[in-house]
Amino acid sequence: MNKDSLKNILDDIASGRISPEKALAEISSAGVADLGFAKIDTSRKERCGFPEFIFGEGKEASHLVSIIRQLDSQKECVLATRISPEQAAAVLKEIPSIHYDSSARILLLNPPSEKRGNIYIVSAGTTDLPVVLEAKYTAEACGCQVTLMQDAGVAGIHRLLSRTEDLRKADVIIAVAGMEGALPSVIGGLVPCPVIAVPTSVGYGANLGGFTAMLAMLNSCASGVTVVNINNGFGAGCAAARIIHSLQQA
Amino acid sequence: MNKDSLKNILDDIASGRISPEKALAEISSAGVADLGFAKIDTSRKERCGFPEFIFGEGKEASHLVSIIRQLDSQKECVLATRISPEQAAAVLKEIPSIHYDSSARILLLNPPSEKRGNIYIVSAGTTDLPVVLEAKYTAEACGCQVTLMQDAGVAGIHRLLSRTEDLRKADVIIAVAGMEGALPSVIGGLVPCPVIAVPTSVGYGANLGGFTAMLAMLNSCASGVTVVNINNGFGAGCAAARIIHSLQQA
Amino acid sequence: MNKDSLKNILDDIASGRISPEKALAEISSAGVADLGFAKIDTSRKERCGFPEFIFGEGKEASHLVSIIRQLDSQKECVLATRISPEQAAAVLKEIPSIHYDSSARILLLNPPSEKRGNIYIVSAGTTDLPVVLEAKYTAEACGCQVTLMQDAGVAGIHRLLSRTEDLRKADVIIAVAGMEGALPSVIGGLVPCPVIAVPTSVGYGANLGGFTAMLAMLNSCASGVTVVNINNGFGAGCAAARIIHSLQQA
Amino acid sequence: MNKDSLKNILDDIASGRISPEKALAEISSAGVADLGFAKIDTSRKERCGFPEFIFGEGKEASHLVSIIRQLDSQKECVLATRISPEQAAAVLKEIPSIHYDSSARILLLNPPSEKRGNIYIVSAGTTDLPVVLEAKYTAEACGCQVTLMQDAGVAGIHRLLSRTEDLRKADVIIAVAGMEGALPSVIGGLVPCPVIAVPTSVGYGANLGGFTAMLAMLNSCASGVTVVNINNGFGAGCAAARIIHSLQQA
Amino acid sequence: MNKDSLKNILDDIASGRISPEKALAEISSAGVADLGFAKIDTSRKERCGFPEFIFGEGKEASHLVSIIRQLDSQKECVLATRISPEQAAAVLKEIPSIHYDSSARILLLNPPSEKRGNIYIVSAGTTDLPVVLEAKYTAEACGCQVTLMQDAGVAGIHRLLSRTEDLRKADVIIAVAGMEGALPSVIGGLVPCPVIAVPTSVGYGANLGGFTAMLAMLNSCASGVTVVNINNGFGAGCAAARIIHSLQQA
Amino acid sequence: MNKDSLKNILDDIASGRISPEKALAEISSAGVADLGFAKIDTSRKERCGFPEFIFGEGKEASHLVSIIRQLDSQKECVLATRISPEQAAAVLKEIPSIHYDSSARILLLNPPSEKRGNIYIVSAGTTDLPVVLEAKYTAEACGCQVTLMQDAGVAGIHRLLSRTEDLRKADVIIAVAGMEGALPSVIGGLVPCPVIAVPTSVGYGANLGGFTAMLAMLNSCASGVTVVNINNGFGAGCAAARIIHSLQQA
Amino acid sequence: MNKDSLKNILDDIASGRISPEKALAEISSAGVADLGFAKIDTSRKERCGFPEFIFGEGKEASHLVSIIRQLDSQKECVLATRISPEQAAAVLKEIPSIHYDSSARILLLNPPSEKRGNIYIVSAGTTDLPVVLEAKYTAEACGCQVTLMQDAGVAGIHRLLSRTEDLRKADVIIAVAGMEGALPSVIGGLVPCPVIAVPTSVGYGANLGGFTAMLAMLNSCASGVTVVNINNGFGAGCAAARIIHSLQQA
Amino acid sequence: MNKDSLKNILDDIASGRISPEKALAEISSAGVADLGFAKIDTSRKERCGFPEFIFGEGKEASHLVSIIRQLDSQKECVLATRISPEQAAAVLKEIPSIHYDSSARILLLNPPSEKRGNIYIVSAGTTDLPVVLEAKYTAEACGCQVTLMQDAGVAGIHRLLSRTEDLRKADVIIAVAGMEGALPSVIGGLVPCPVIAVPTSVGYGANLGGFTAMLAMLNSCASGVTVVNINNGFGAGCAAARIIHSLQQA
């Protein structure tokens, strides 16, 4: 509960509009829709700028359906990530209007119509596609505008350099790469805007399932590159949306 | 070399203002001041919004002096990080006007006067101070406004919660923590702006020199938190400055 | 063999009630039911307060059946963890009266009726459910009273804070979380009772299958939090039961 | 701020005893003594049963002195861990009445006089002494009674077994061991009370600075053993004190 | 774009043969065939001596077909690695003339006819076969001559020593081994030519999926051994081809 | 080729019994049966005391059949480890007289009849059975006598202590354990004979697939315990046989 | 207490020679000399074939002196490892008759005169000397005969092969190597006796302080090689002595 | 001993020029100068193309002097790496004619005069200098020609691209970089010659002492890049020399 809301309640007590008991209950239960097995965070959009999204991995289909219905009833954009085809099929049977993208492994309902800001997602190779799409869906679910630039890895660096002017126009760039994860370092040296690096698990052996790319990105020689978890297109999309949100306030 | 500059040169050839040979040399040598042992990147501020800063660790004092003088001659703000007292003493003998902060281990010359944006740096404990200071100096060297909020770790979470309203006014928050690194997760759930997490090496044993805090931050349950290297106050400062830069363009 | 039992045998020799040879054999074979492929520890309840429970992973069904029958014949509560549906089906064919919970992956027979103490199990997200249930079944098999509080992760920390008063009434709290594992640190700062942290493998990438949460919990800035193995609801349940056992003695 | 305190304030507003503005300020600043560089958590003893203790590693002596004086003024027991001889000397110059134990690396002021409960600290070897002492000082600072049993490692297991009856009388046992960390497993199989395992960095090579012992303890085949960080005698002491606290409430 | 090509374009502008605008477009788009989802690097053979090869793992079959057709249309040798039988079947339906080797997991089209240089591939055991074959196909796709010497591990070192004279005639040796990875060290001490070590995932447990062999090879006591990624027969083949390429220039 | 054999050949040259050319060929090809895809080490029994055994994991069935036939033709005991049921079925179709044990995953032909020495294999739990069996088959294939003592883990240490006298009669003990791997430390403190520790992958989470037990055993506080790879019953069996071999020579 | 001793005591009770009370005390305190800070294991030689040796690292000099005097009073051979020059100087002041070897970092008193068996210690390089010496002193303190063969690494494998006949005469070989740790694999393929591998920390970077050599040795392709901790010459010496002990019994 | 030398000896026996006994001794002792504490490999130059170089780290000065004198007496180029200033001073006192470079930490005697081939060493930053120098000295000690190109990291990639034409003329390129290690990937995509990547420990935190750069280089998306150990300028120099050696034979 933020200070303004709290102040309002205190004023209400002072003016006798509500009793201290009722105020205490309201303070205690604010911002939660309790489903028993889950506590939906109903004030997240107010606090963070985007509603509670659903991490789908390992969730039972019946739980997914209940959570989606609760969020839908709040008129939120519903985004569920890491949804397997089996989970999706079970949810679609109950909620046929929801959209499922099997490459991105995402369920989507009530996407917002606004498209603010200018986010570029650049990837090193075609195999990074699922992570690129997860980032794209997430940023769009937060009301942002997204442009893709795929397969621009540094082994043929002219592919990237020839697009430098476009990149310099972005508000924020999401750089997606596996293997040695060099892409964000090169991009970071070419542009002034924020660069969010997303390591992917593309590669094998000493790539350690993406850990190598992640470590490399955390050690980027390009100053001011930030990093999210391996394959975490979702996190990158939210981080970019937070930046666009600050831009809108500026 | 960006497309506009290249276009200008091509036009100059077309109009006969310069020969192809001279154009070729100009294209090849643009943006570098070659000191032999080092190649100063003279176009970084144009490309990235801030000049080339100096990573001081392990550099010989004579090299430091030469690089600082070159950057000073370009009228850049000079910032050198990870400078030991011994290195600092040797540099100060040659360049007495430079400022050294022994807590931050930073050398600073020609700091900019503008103070744009609203960056908050929040730390979990008093031992995180050197990292906090490195971030603060860096962001200020990029022309940004910084506010500190120290010792607000989650073991006494009321210290943080009582300041929520202030935090919600920030353009970007840098959250600095060692041990289990929980601070950015809690902050990320309270505010809509970008949150840059800086893991520190504060702690011992299974903290793995800060690696544990770094891993924890990369797995934050708060959506959209991004992470920099361990003790990398410098990187966090640059990342925050990139965001403020985009804000200024918006 | 404890000192009292040993003293009794020695007295029996002194008084001629048994021969030294028979005493030697008795000392050597005490507390074991030897099934050939397994040696059931028949004195564990006397020593530790709870009987030998069965770690089911990788055990052949025929071995499980033999061990369960032996423990059942001793009138012990039988608890077998990490039981796959295939193992469960094979055991149920032989011992139809046993109960199987497929979410908890637990087989249970002869649960005790007493419910001592006041154990709270708090979880960060709905996906932690199997670990929560394993802890609950185990603590109950040790004769303890358990209350659940699910999906109270720190990204929406008001969900936890609004329940602080309840938590402060617990004798012991089991805090279950994956990803960055911040939940026990926050709880540890709110209550005076023991807090047992259980890291789960919920998350992906740099969560390292729960290792990140485990490391984070071991570095908790909240003083006096203790930790068990990843996904080890069983161990947390036993640890809580040991505490309740000491309480009963006090 | 707990619910009772909050309810009192709300009642005060309702009855007009204080204005909403003053109430808001009180709610916001409760439980903190702000020293600028540090925010002392003044309500920790009320919340957790023990006051805020000081993690000394890396703190400047002047900061230590200020924090100690603040806590002393609150009449708290002051305990500072990981204090180097240099830090201790500097503090002693300012606060001569404080006690420093160089083996335990601990500063202590205003120790409590009560000695509740029955905590055993068992160690595997003589080299574990500093960790044993840190645990002992901490538990005593929390008002607990402590007994030591040193050098009882499993390579000569008769040393431990001959003391089984004593161990079975403890309310809680802290088991301290380096190398392969087998001690808590053997103890856990002999007693019904809680066993808190403390891995130490004693050993070399593949002991990985105590990490091996820590991993081994987390995988103990004795059910219900819990673990704290490497060399974390402090954490073990606090955890034991939390258990004794619950015992006192029972 | 290399300097000669750039010089030609600049000369063309100077002579008025092309406009600056057209030159700018040509500079920007050189060396790329843009398929939308992929950017084929059409100048790689000119730059690196071999064309762009395809990393097949995780690529959709339709994408594979498009890329293969594009490279085929450029008359390149097409080599795709890490192709599963399922991927291969789908590609073969569209491009029946392509060759698939299921042991090597490789698709091959338009192999070159020349066989330059003298590359030896020596393996430690028969289980290393897939990696040996990947290296062989790759080197041959680069126009090199390859000889195999299999199952010559150091546990029966006479098998290797009896072939020393043959090994000393090689231009470059690729040494393939799993487990402890000792083979390259022994070979490196017997021959003057370059030795490229390829660790394989053969073994179990502490072999860490080939990581142990890789680390061992990086620490070879034989001076001048170089290493590629685990199971990276492809990389070893390319590295050998680069050496043969330099030999041809010499 | 050993010195005696070499001396014989040199004498033969000196006496004119063979030509230098023929001697050179003999020296070069001694001790190898070359199958093309494999080089069977035909002198291993002479050198090491046991013939070349087969590491079956990942080998093609046709290769297994050829190698087994070659070894059979040399009248060796044939032992192939890590054989899947699928591999076994394919081999049995070609060589029906071979024995397959699916728990041990071993193929066996021509086992020796002698049973020398006195090897004890002690395991911590019933789930360690496959490793116990692999060790047993291997030691027996080397002509050794083996006794099993299963499920004697340290959580109920009386099960082990009651058998101390038997253990003290062994020539060598193989101690098999997963989880925290404490068993060899306790045994090593009770007996004077060699103790070979075998870590198993039994357990989960922070057991790291047996790595934790392996590290713990390498740090045993019991002096003179040696360790083999995770789940490496084969290696332990060979190591024990090497010791029995030295005993026979003594 | 072994079964024979226990039987004697029981017989004494039966015959009335001692009371049950006295017997109980004797059983409980057997085999320990309690120094307060340490419990000397006085029956280790009887149980294990060698007395309790002292792990010196981190022990206070006064503690060392007390322990040495206790062992000396029992007429044991006293061996203390990992003794720094500072510790040695302090001990020598109190016990001038003790011998200190600064390369081996060992203190030695009352070495045995017998020299049983035939142990070879082979090392890869001259830098492995301290580990070689620690193994030699330890094996000799256990009454064994030791021969050294230094600097026989596999990069010049003829140095080792020319000594094969000597190696084949050993009862047990200790193979000491850093870097890639290949030496034991080659030796294991040449001899029938037990091979104990000792990884050393010689090397840098990816040698991980000896961890790489240790992992490599655990994965040796030579069957039946066993491994001790990094730089653990002491453990290798004890393990070899255990084998010689079994030989003496045979 | 190579086949030709062996054949000569065998012919000598056949012709009666030497006795079998003498031949046997010659075969056994060939290629070694035994100094007791060390066995100098006197035939390495014949076998490998360069003499035995000295790994100086941890060697006693007296040992260094003896080895250097032996190699000097064989008229070899003497190169000793990882020599501390203290070691150097001690050696210089005995052998004043030897050269010491404190940046490279190298001792050098009898450098060869020939300068064959064309090796480029490219580094990412000025702090990589010691590794660059170690590689340069080593390659020159092997008789190769070396050119340096320093401080060309990818954060200002125009510094590297402007030198592409020069790089394309190299026979082999050694690419030296710390932090994220991206440099070899970019270079590998620009040139056809062999690229040897040398990771350095430059950086901090998640650079893991150079391990991150090493892992990144092993996962390079540029085909055919090979890697040596961290900071291993020596190994890179030898590897480059092996390539130049093959070039000279071609």
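In this document, chain identifiers A, B, C, D, E, F, G and H correspond to the written order of the chains, with residue numbering beginning at 1 in each.
By our rule, a residue touches a chain if its C-beta (ideal position, glycine included) is under 8 Å from a C-beta of that chain, and two chains touch if they have at least 3 such contacts.
Model, not experiment: these values are computed from the prediction.
Enquirer: If you tally the C-beta contacts, which comes out ahead, B-C or A-E?
Expert: If we tally the contacting C-beta pairs, B-C comes out ahead.
Enquirer: In angstrom, rounded to a whole number, how far apart do the mean CA points of chain B and chain H lie?
Expert: 37
Enquirer: Could you please state the distance in Å, as a whole number, between where the Cα atoms of chain C are centred and where those of chain D are centred?
Expert: Centre separation, chain C to chain D: 25 Å.
Enquirer: Taking each chain's centre as its mean C-alpha position, how far apart are chain B and chain E in Å?
Expert: Centres of chain B and chain E (C-alpha means) sit 40 Å apart.
Enquirer: If I count partner chains per residue in chain B, which residues reach a count of at least 2?
Expert: In chain B, the residues touching two or more other chains are 3, 27-28, 44, 125, 155-156, 188-190, 203, 205-207, 214, 218-219, 223, 229.
Enquirer: Provide the full list of chain pairs in touch.
Expert: Every touching chain pair, ordered by label, is A-B, A-C, A-D, A-E, A-H, B-C, B-D, B-E, B-H, C-D, C-F, C-G, D-F, D-G, E-F, E-G, E-H, F-G, F-H, G-H.
Enquirer: Spell out the residues on chain D that touch chain F in their complex, using ranges where they run on.
Expert: Chain D residues touching chain F: 124-125, 153-157, 161, 179-182, 185-186, 188-190, 203, 205-208, 212-213, 215-223.
Enquirer: In their shared complex, at which residues does chain D touch chain G?
Expert: The touching residues are 125-127, 129, 150-152, 155-156, 158-159, 162, 202, 204-207.
Enquirer: Which residues of chain B touch chain H in their complex?
Expert: Against chain H, chain B makes touches at 1, 27-32, 36-39, 41, 43-44, 52, 55, 57-59, 63, 82, 199, 201, 209-211, 214, 229-232.
Enquirer: Using the touch rule from the top, collect the residues of chain C that touch chain D in their complex.
Expert: So the residues of chain C touching chain D come out as 2-3, 44, 47-50, 53, 164-165, 168, 171-172, 188-196, 214, 218-219, 223-229, 234-235, 237-243, 245-250.
Enquirer: Using the touch rule from the top, collect the residues of chain G that touch chain C in their complex.
Expert: 3, 6-7, 10-11, 13-14, 16, 19-20, 23-24, 27-28
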